[in-house]
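Okay, structure first, notes after.
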Amino acid sequence: MIIESRSHQELIDITDLINEEIRKSGVSEGLINIFIPHATAALIINENDDPNVCVDFLKKVDDLIPLHDNYLHDRVDNNAAAHIKASFFRPEFTLQIRNGTLLLGTWQQLMLAEFDGPKTRRIEIMIRK
Amino acid sequence: MIIESRSHQELIDITDLINEEIRKSGVSEGLINIFIPHATAALIINENDDPNVCVDFLKKVDDLIPLHDNYLHDRVDNNAAAHIKASFFRPEFTLQIRNGTLLLGTWQQLMLAEFDGPKTRRIEIMIRK
Amino acid sequence: MIIESRSHQELIDITDLINEEIRKSGVSEGLINIFIPHATAALIINENDDPNVCVDFLKKVDDLIPLHDNYLHDRVDNNAAAHIKASFFRPEFTLQIRNGTLLLGTWQQLMLAEFDGPKTRRIEIMIRK
């Protein structure tokens, strides 16, 4: 699965895309492992109903891990902050499938966290009954 | 499984509850996926033998992500900090079952991290051999 | 699997060791759960090609969670910061096996994050087709 991010930093709701993959698999109950093979992006789960939750999240992450802060890796690639954020927020979730859909709470969506966009990002899934 | 939190912020040891669910399943070796369907709580693993580990953890989390800090979502729901914390600490673990019990180290317990209590919280599990 | 850390804090690339375990299992496609049964270490995924990514990461983690900061647990065991870091970075990953090897991106390696070394650390894995 391919996601094109459009901003330098953003959260992209991928819940519907994952549910479409589950539907295509025909599995109604099981586990799905979702993985992004990138070291400057991550997966998070949170509310996307009030989009300000995402704004607040990204602002706080930037407060704690500023884009530039004398990072050594910036001399090579200028994206050290994105690497650090990717380690904080991780590239993997294993989630439950119930009734052919992702088990999430009312206020939870699955989002790709882009920390070094815009970029073309892949998502790799594996489903097991 | 239902957990009633009693404080605004607290860590609740759910290791025994999960082990009881494993026992009821009859599975002696496999994987258990543990998920909380909430966007203002999370799951963490740490020591609960010295309860001050939990006190230190919650204090540090509040230092880094203060309860109020001009978050935009606070205008709607006044719990933006809890949402941010939930994204840092995540709602999911997939753990190993060995000899009919959760594989954990001597100093590890599984805890529900309540960031916006008191609230009624659900925990959803799926076990696979 | 046993890992001996040599420094107080360091990232140890365990990608090759995990791939060797996968090879021995004979499983070519499935899931592997990787768990460290310790409350003062964690698992992270990031780039290890430019080792400064690891240097930047550990420095930032120390900036946010200093080694000493009036933690209550330090009166008992003097490693409160390591416990807090272990909760931020978690002891578990569930990853995909494809073609008999760990599915990782070009710039991703799996690393044990030692926060209270030097110590002897165990890694427990479970593989499912």
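Note that the chains take the letters A, B and C in the order they are written out, and that residue 1 is the start of every chain.
The working rule: a contact is a pair of C-beta atoms (placed from the backbone, for glycine too) under 8 Å apart; a residue touches a chain by one contact, two chains touch by 3 or more.
Here the structure is a predicted model, which is why all the values come from computation and not from measurement.
Taken as a contact graph, with one node per protein chain and an edge wherever two chains touch, the assembly is complete, since every chain touches every other chain.
Where the sister copies chain B and chain C meet, the same residue numbers recur on both sides for under half of the interface positions.
With centres defined as mean CA coordinates, chain C is found 20 Å away from chain B. Residue positions of chain B touching 2 or more other chains, listed in rising order: 31, 64, 88, 90, 94, 128. If you check the complex, the residues on chain B that touch chain A are 31, 33, 35-40, 64-65, 69, 71-73, 75-77, 80, 83-84, 86-88, 90-92, 94, 122, 124, 126, 128. Contacts from chain B toward chain C in the complex involve residues 30-31, 44-47, 50, 52-53, 55-57, 60, 64, 88-90, 93-96, 103-108, 128.
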